[in-house]
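Look at the two complexes coming up: chain A is in both, with chain B in one and chain C in the other.
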Partner chain A sequence: MDWSFFAQLLLNGLVMGVIYALVAMGLSLIFGVLEIVNFAHGEFYMLASMLAYFLTAQWGFDYWATILVVTGVGVAVGYVLFEGLLLGLRGEAFERSILLTMGLSMVLQNGAVFLFTTNPHLLESKLSYQNIVVGDFRMPVARLYALGLGFAAFAVLYLILHRTRIGKAMRGVAQNRAAADMVGIDARAVSRLAVAIGIGLTGLAGAALAPVYAVHPLMGFNFVFKAFAIIIIGGLGNISGAAIAAVMLGVIESLAGGLLPLALTDAVAFLSMIAVLLLRPQGLFGRGVRV
Partner chain B sequence: MNCLRLAFGSILIGLVASTAAAQSPIVIGASTPLTGPVSHYGQHARWGAEMAVAEANAKGGVNGRKIEIDFQDNRCNPAEAVKSVTQMLSSKKYAAIFDGLCSSAALAIMPLVERAKVPFIVANASATSIAEKSGVGGNEWTFKVNPTDASMLDALVAWLDKEGKADNIAFLGEDTDYGRAGSAGFESALVKRGKKLVMADYFQKGTADYTAVLTKIKAKKPGMVAFYLIDADFQNGIKQWFTMGGGIPLTGRVLVEQVPKEILASGFLDGTTSVQPYDVSVDTPANKAFVEAFTKRNSEAPMLISFESYETTNILIEAIRQSGDASPEKIRDALTRTKYQSMLGPVLEFDQNNLIHNNAIIFGLKGGKVVILGMSKT
Partner chain C sequence: MTGRELSLAVIAGLIALFALPLVIDNDYIMALGISFAAMSVLAGGLNLIYGYTGLLSFAQVGFFGIGGYTATLLVVDRGWSLWAGAAVGGVLCIAVALLIGYSSLRLSRHAFAIVSLSFALLCAIVARDWPELTRGSMGIPGLPTPVMDLPGGLRWRIVDPSDFYYLLMGFAVIAHGAIYLVVTSRLGRAMRAIKLNEPLAQSQGINPLSYRLLALSLSALLAGIVGGLFVFYLTIIDPSIFDFYYTETMLISVVIGGPGSFWGVLASSAVLAVLPDMLRFTADLRMVLYGVALIVAMLIFPGGVGGWLYRRQVARWRRPKPKAPAP
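Showing the complex of A and B:
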């Protein structure tokens, strides 16, 4: 095995990691602000991919229009989700939030199966089969776009959280809701925005990945469990930690998949999670301060 | 006088009861995935079986009785299969149990039908171990109509060996009874010819990304890659193989109907040699009639699963006819001596493992098109 083999694995892993990060950042943001573990996150990702598929395949939307529309729909769904279901759940209602989001996950998944059947669909756009080839390296253009969107999403989210008043308010609510209330921060509006951004990010992930993977109603399950492992490794509610953990996990999984039996790659993710829980329960980048 | 009335009444009741029994439908129980990731296949299994039943009923049924087939969902999950078949067997109204579709589900059903002494006829599940455990000295209530992975892969490897392509094959399959049976089938067919797999790897069903393992396979530089993937896994695998440049012909169970048209038409998969128990383009009058009738009935062309379910149900119906009273034991005995003219040519009958040996289709891809290279007995 030569260096190009390892380099290709590293490149694949980096792209995979950023793809994981796209899904995990939204999950982490919602947990950070609301202390709710959104078990329906995978289903929102699936619905976003389905919507992207139909927009492109049925209505002829191009890639960028699809990204914008699906992300926008994700933000709107996040607003509705917060106002309709999550408003009454916070902190002390942790068990109820788990039951509610798990129930929602089942309803969404089975609803999608009922409406669309489990037949997988491949989104066949101009991007689907384009590659960039440099020497021995190959990278599908759709994956490179997902990589770029992942970095852009992280940068924008980071700037929002650290350079804007609303971002500071979000961090304030995440760190101490009561104190945030006392200084006049509208915790409800901040939480609503956090859920909207979280689901919007998932919409972005679904739209960006629709040309990469087969689209079907059961596709969210595996991704969201990997995303749970990532946010635990990165530090619950810590978005930068989730992004870094996602990239690390993508690279480790790719190297493991290339060098070890493939069945062990999932074990790598969850063994890493167990190790972090045992050695550093607050996560690799957790400092007890969320978002 | 009272005694005469009593005797007459008893005879009348007996006659009415026996007439009612003669006219009550014969019910076949079926456990198949109607929801879950392979429900599309379950739907085709259902369509194939229901078409055979409808044709039999249109001809007046079997021995004066209509046939009914009652489908229950097993989600391709052994636990769900056990649940659905246990319920069916406890109701005592089913003359036989049909299919299971997934190998793991069929293997889980086998001990249940053996205990209940009800025949179980497998149409689609391909695990070799189903036949190995059936027939004389084993589970005498299980019958398998479709070829086993081992017998099909033996036919395929014989073909590849003849073409000088069996020396350096890598294997990628799902980590289920289906995938494991595929690699075991390849391994034993290759060992018989003094060869072995260059590598074998398995993935968890539902995996979306194969870039790491495909990079590993490419680095091994095998002569061919055997795919044992189905449904979304196959679509993801084949698309990623294409975007990674592939460059190595495929073999194994290549589901051509699921390959995106752009990939197929590009000629990227040219050189692929695969085996299937059936292809819709088989040029026999019986197959042409079947394809036409099936497409008209279901607005969708048949696939392997529908063909296997159709022929299997016909075999079961023929055995029920020969059994006379449609009791489970007599159906089982009738199955062992039933002969059936397949659309693929041969007259089929069960061997001592309760397994049928139909022809397998060896097909290849040339110029982006599927070409039947020949048939080989399994």
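Showing the complex of A and C:
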């Protein structure tokens, strides 16, 4: 195996891992703050990609405008999702939250199939054919942009969680709900923001990846399966753990895809999850304190 | 309903179910009955896990498919009888259930829900991408006709839909009987206690892990066996046996029927086996409707029909008794 093949696999894995991280961090943030699992997360990723496709292909938005609009719509959808549906679940609602969001995912996925059919759409823009070539090594520009956007989103999220009041309140709720209540943190505002940020990150991921892969209504499903494995590997509710686990999984999967048979590549996420649960149940980066 | 009325109703229902093919020998009705028998076993097992011990499991469809594939491969490649193949499939499912249950339940029930979901999706992917074992997405068509050796040298060739109706309905009765025995016994009470208040149950000396693993194993065994029998009715197995559609239908049955209500879930599986065929929507639209039903049930009706009936009964018990008229 020559080095450029290896480097190519590594970089593709890194891009994939960063996109996994955007989706998984949103999932992990929502779990950390609300203690519920958003099963429809993959569907929001799919809808974001579809929206990006329509904005670019039908209405002629350029790349950056599309990213901005889709992320904004994602945040707005997060607010609506929390106020409209998740607020209705009171008390100990983990299982009910999964069933509720599963119902939502069924509506969104099958509605999208009904409206757009399952035909994949390829988003063709100027970006699709631009490559950076160094020797034997080719890198599509769209992937590099996705990578850059991912790292920018990590930085912004880190700043929100560690430097702003509401971000600190969010971490407080995630660490100890009762204590956060006692010091007067508004749990509803914090939860609403967590869901909005979570869906917004997914929207960003969907928009950033739309020019890289074909867009179709069933794409969210396989994706969210990986994201669930990632939040277990990183430690439930641990956001930076989820980010690191996601990047690791992306790289490992990409290398396995180049070197191992197909069935094993798919199983990597699941087998790593089971191994982590058996050897280190609190997650690779779990340490008692979450977020 | 008193115990005596209940047992009379059950006997009457069983006679009606087993007399049905004699009265109406219609392939369409038989097909509905077979799909009711298979789906009700899956939903009953899910009810045992979710309704009684409070664990949301997505793994049922994985066990259904593993049972189907194990039985198929043992019969087609090794020349075993279906009965041995289905039994081995069921036992294999117990082993898998214990693996995913033990590894995730040590952490939390949240981890269990997520691991069971990943497991079900993994099964579908492996069935598609491991053609050396499963023949890939083309599946294995043309499964042979099962033959059962009955006492007295009789051989029952299971060919017609009515034969499969008797086979699957018979197994469904055994399966529901087993679930009923568990949920009405001391075991079932311990499971309910775990669901209602886990720390309190623990303080009474109930180990939640072992009861949960027991519920999981029983439902995995039943789902695995019913999977083995059902694919021989279809005469083909392919990766769509792991379709998420089955999971969604099972969950709808349990949620609408009422988690923790044995009769409620049985009734809702019957309705869901018959109703969608009569409504004749396209599949996408049907799933949209199921999704809406799930959302509505979770927001305003979390106990399902069974929970609603139970609350009504409790309200009746609490009402003060009318005073006896003075003599």
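Details
Keep in mind that, in the parts below, the second predicted complex is superposed on the first by the 288 of 291 C-alpha atoms of A that agree within 3 Å, B and C clash if a C-alpha of one lies under 4 Å from a C-alpha of the other, contacts with A are read in each partner's own complex, and residues count from 1 in each chain.
Operating definition for what follows: a contact is a pair of C-beta atoms (placed from the backbone, for glycine too) under 8 Å apart; a residue touches a chain by one contact, two chains touch by 3 or more.
Owing to the predicted nature of the structure, the values given are computational and were not obtained by experimental measurement.
Residue contacts after overlaying the shared chain place A:59 against neither chain B nor chain C. Residue contacts after overlaying the shared chain place A:8 against chain B, while chain C stays out of touching range.
In the superposition on chain A, contact of A:254 is made with chain B only, not with chain C.
Judged by the touch definition given at the top, the superposed model places A:214 against chain B, while chain C stays out of reach.
Within the superposed three-chain model, A:122 lies in touch with chain B and out of touch with chain C [touch as defined at top].
In the superposed pair of complexes, A:262 makes contact with chain B and with chain C alike.
Looking at the shared chain after the overlay, A:223 reaches chain B, while chain C stays out of its contact range. Looking at the shared chain after the overlay, A:137 reaches neither chain B nor chain C. In the superposition on chain A, contact of A:95 is made with chain C only, not with chain B. The contact surfaces that chain B and chain C form on chain A in the two complexes overlap at residues 113, 221-222, 262-263, 266. Every residue of chain C that touches chain A in the complex is listed here, in rising order: 50, 54, 56, 99-100, 103-104, 106-111, 113-115, 117-119, 121-122, 125-126, 129-130, 244, 248, 251, 255, 282-285, 287-288, 290-295, 297-299, 302.
The residues of chain A lying in touch with chain C in their complex are 31, 35, 37, 85, 88-89, 94-96, 98-100, 102-111, 113-114, 221-222, 225, 228-229, 231-232, 236, 262-263, 266-267, 269-270, 273-274, 277-278, 281-282. Interface residues of chain B, counted against chain A in their complex, comprise 35-40, 175, 201-204, 206-209, 211-213, 215-216, 219, 231-232, 235-236, 239, 242-245, 260-263.
Only residues 1, 5, 8-9, 12-13, 16, 113, 117-120, 122, 124, 128-129, 131, 133, 138, 140, 213-214, 216, 218-219, 221-223, 253-259, 261-263, 265-266 of chain A touch chain B when the two sit together in their complex.
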